[in-house]
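Structures for review follow.
Both complexes below contain subunit A, partnered by subunit B and then by subunit C.
Presenting the complex of A and B:
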């Protein structure tokens, strides 16, 4: 019927199709434009510069030397080398992450288990348990430095907790004023923030299909059997997600600097604070190259730990998923 | 279908006895549960009560030492400290409003093709986006400082909201992707048949349906930045008139003249005021907040 040959028609059609798919792709990418532009300017360019600084003696205006010497300083464990300070900071940060994460995940889980029941006013109780999470970090820092304040010289000027301890006939504790107790105290104040985890666990419990529990009940499984064979395994994906994100966040903890500074004898001198101080506080111009080198070491640690977690993620139960 | 069973008196008594026992046991459980609940609530309310009580104490009371929980002499005038931070509060409002609107908006825009389109390089872009989560802010901190100084943003409030227009972070985009997937595709297919283009579909169909997650991210941004002090500390330098509340309060708090214990009541009054914003936001938007935590935590 048509005068054109089949092949040329096909060619025109495929060209048209290619053009259309190109246009479609371009439309998709146009939506991504903010992300692409922002990432180029505020992430990729700084990454390249950060690497360059880490491998140089950048002083804010110029570079006169290039090499791995910054990393050399970090691994210099002699008496006045940076090694002890940097790895001391990393150690403190790890202790904080491990302590904070275990405490908050385990206790928020227990709290959620307790609050996962239908009793009158349960919603109000849940909200009240969640509210301390809403106190801004710097404000809660003021609260805890005051409540945990210690004055060994003049016991009458002790903070509230020490006053209560003394009223109970106990010795006042050092809390934030001694290197050995300041990190445990900081982790302890994290107790008031477990409400956020609780809300999330409750949401997770709500997503477990009730049929599983009914089937288990029919088979005569008691509360604890149901807990350990249904509730806990079904919460593992969210547990995994939270372990990963709270580890990444915890390794970068910086907010404590506002209230506790670097702590007594560097007991709260977390690595992010060390990086900030090395670059912007100690000297002028700061030791930008060294600070960037520390940041890269932190990045390698975070990436390696995340990789290990994903590789060892066999214990996660992805059952019942609809995706 | 509703056949009533005929029960003899003996059986009825037996059943009543069992019911009574069950009720008694349940009452016991209730008492135990509520006792634990009360302890929990007292524990979790402690920081609030402590803060509010201390903010009402008089200076002489604090100087006398002997820390106590309830104020002996009420002193409302502590709250006049807010006046000193008024300019900073306005600065902060500007920062949180810009970030709270444009951050979520660009997150929704960037999430749309991931949730709805099949385009070349989608997998790569997604993996690339998620990998930015791993990057510590510390790596970017120093070069970003020099980038901002090249752009002449140091010491200017604009340094606090310049980052709001670029997608709002990978985790937020991911959250919106997960949310958009729950919206049935039939809706936009119907619009496509009617001749709507992708921009119209996003703007008039998908984006309005994302309102809840938009609100969640907006509130999250406002809460997160309301008292942020890390980024103002880095970029605002010595420009005191540009300080946000978090940074101004930080300097006020750490300056040696204010750490003495007789100033704690005024500091606490400011803390109460600063805590009010997140608290009110949460109480008003409770439903969206908890819904958002669910999407964020569950689909990860």
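Presenting the complex of A and C:
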């Protein structure tokens, strides 16, 4: 009897405390409310609905079937099954991520190394290197499309690069007009944005303590020893950040669709584009269910890869304390 | 381990909850009989088939917000308002891209909320897009209205080919507005410059393939040897190529293949695309490019013709005002210089084929004003509506009774912009309409998977694009390979859409 009274007293006390805390934090909660409501409506609801649609045959208007069949289609690797198409797109996307990430990281690193020195007009040179990043992707895409345009039937209609090649007495190249050259050409156009990576590297170099270099110099370390034993290890946190964000961004690459479509023989048919086309293509009603299922597969892949990268992040040098 | 088990169980519980909640959203698929019954009930209960000219109501019309379509809808609705003065018109202009993306989404929202007030009663559509709209339940099968209304008969009104273009299976989803057949426009001024008499292009018959090829070569030789610059476009005369044509456009690509005896699908529904006839057709066009008789990949949309860089052009009546528009940067063709002749025979006469097609108006499946929508469709199909539409100059009527009527508006244009058209051969637009005209339906109807029909048509055009862009040194092998791959692509497209 006594313990019952005690527990009811405790409950009343904790209710009182919660009410008091709510009153105390009411202003904070009222400021947070728009964000919470926004997250619930514009993030959580679409996430839940996309999972529901992934389990249905929703075509934008109605659902007449529910189950796991969309995932069955995605893993159907028969001759005309969706499996080949979806995983074909995933393959192209991974190739793009690997090519784009490697080339962009290496070249932006080299560019940053080159620009990390005190020479006259260095700031202006840095700005010039960064300028292409300010051009919207769609605009630069138009420029590249024109510059790489190929017309084997009528050489007078060739773009800038082929005109140069022909003036040098070389054969015009296929660039975006052949499956084998589309992806490398697209990766090449990605170099337009290395200025963005360069800024990150410059910031990382700026954070490396000059004392380390001085000590190394006193020990007789040359440029390359300082580079490989100080600069590179000390910029691994930014390297890790760049790798993770490039990978996530690369796996979701979509902007290329506006300028280059899906490429010859699906050579640029990235997974995000396939999801979009499956859901919203113009000539036939969208298969929202299948598109949502693909999107969930992509989410799982990205989440798994990100997790692996964090789990294997022992090589990152966080400096003193190495946290 | 315990944590992992908890996560797995939670995931399964969530999925289970989602499946259960999803089951509540499942709708039963309607059978053909149920659809027919539902529409017949609608007609019986909500549609006044006897509505006269004094009918009072509201009509919401959705159309593409581009100058040519706006001009047409202005003419049509003006005439409709005169005929039905008590019907209030609500116009819903929509930009082209939204037509294909926003409209289906608007329908989805309206369907799920049950509020159709933002949706139109009637909307412009084409055969290329309506299969998807039908799948989404956006279009009314108007054949049931046609059956129920004794005062109208679609079969007696429309050109048969256009009627076929407006159907999917046994149902009719669109009333064709126009009959568009490809013709050969020519620029008299450029012909004269080249020393080619107009009499070499007869008005009462199509040029034979030999005559046509000789004409192209004579034109090329004449301009090749001509010195100086055309003051109209500031281009050297030597840049002129005889023919401007959109070879990759389905409505020209298919009749080109057909003219050489080509095919896409066999009668039994199997793919029959990698054929010597198709390869010969594509080679023919590729060699026209090689010999500088036509332009590159042929996707210029009459730009070279209006820029006075080509004396001949394959196009339809729908672009007439664009061709004679002299207010743009490009010079255009002076109306007095614009001539028109039937589409030439590209190969043997027995395979003579002319590309044709149409667009039209469909009724929204959940139209709030079905009586007004039906009245508009009937009006548009009738002689009054068709004449109003044709008064814009860019239309040949889909109403077969007007095709050869000498007093039909499309043959007697009164707008001042057409007054300078001289010896304009209107008969070219209906030349052999009943025997040689063909649409993509020829092969699309043979594709048993409805969803794959339009993608198959696109795949055919893609092959032509590859053929026309092939290298000068290897084009024969490239074309053969393009058709081999194209056939495989068409097959996999059909099978891919089968699920």
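Following the convention adopted for this analysis, the second predicted complex is superposed on the first by the 282 of 323 C-alpha atoms of A that agree within 3 Å, B and C clash if a C-alpha of one lies under 4 Å from a C-alpha of the other, contacts with A are read in each partner's own complex, and residues count from 1 in each chain.
The rule we apply is simple: contacts are C-beta pairs under 8 Å (C-beta built on N, C-alpha and C of every residue); 3 or more make two chains touch, one makes a residue touch a chain.
Keep in mind that what you see is a predicted model, and the values were worked out from it rather than measured.
When the shared chain is aligned, no partner comes close enough to touch A:91: not subunit B, not subunit C.
The wider contact with subunit A, measured as residues touched, comes from B rather than the other of subunit B and subunit C.
Residue contacts after overlaying the shared chain place A:154 against subunit B and subunit C alike. Of the two partner chains placed by superposition, only subunit B is touched by A:28; subunit C is not. Looking at the shared chain after the overlay, A:55 reaches subunit C, while subunit B stays out of its contact range.
When the two structures are aligned on the shared chain, A:137 is found in touch with subunit B, with no touch to subunit C. By the document's definition of touching, of the two partners only subunit B reaches A:42; subunit C does not. By the document's definition of touching, both partners, subunit B and subunit C, reach A:280.
Taken together, the two complexes place residues 60, 154, 157, 280 of subunit A in contact with subunit B and also with subunit C. By the touch criterion stated above, subunit C contacts subunit A in their complex at residues 14-15, 18-19, 21-23, 25-29, 100-101, 104-105, 107-108, 111-112, 128-129, 131-133, 135-137, 286, 289-290, 295-297, 451, 454-455, 458, 468-472, 475, 492, 495-499. Listed in rising order, the residues of subunit A touching subunit C in the complex are 48, 51-52, 55-56, 59-67, 73, 76, 79-82, 85, 150-154, 157, 177, 280, 282-286.
Residues of subunit B that touch subunit A in their complex: 30, 33-34, 36-37, 40-41, 43-48, 50-51, 54, 65-69, 106, 109-110, 112-113, 117, 119-120, 122, 125, 129, 132-147, 163, 165-167, 173, 197-199, 202, 223, 226-227, 229-230, 234, 246, 249-250, 253-254, 261, 264, 267-268, 271, 274-275, 278-279, 282, 286, 290, 293-294, 297-298, 300. Residues 24-25, 27-29, 31-32, 34-35, 37-39, 41-43, 45-47, 49-50, 53, 60, 111, 114, 117, 119, 125, 127-132, 134-140, 142-143, 146-147, 149, 154, 156-160, 162-163, 192, 195-196, 199-200, 203-204, 206-207, 237-238, 241-242, 245, 248, 251-252, 254-255, 258-259, 271-272, 275-276, 279-280, 288, 291-292, 294-296, 298-299, 302-303, 306 of subunit A touch subunit B in their complex.
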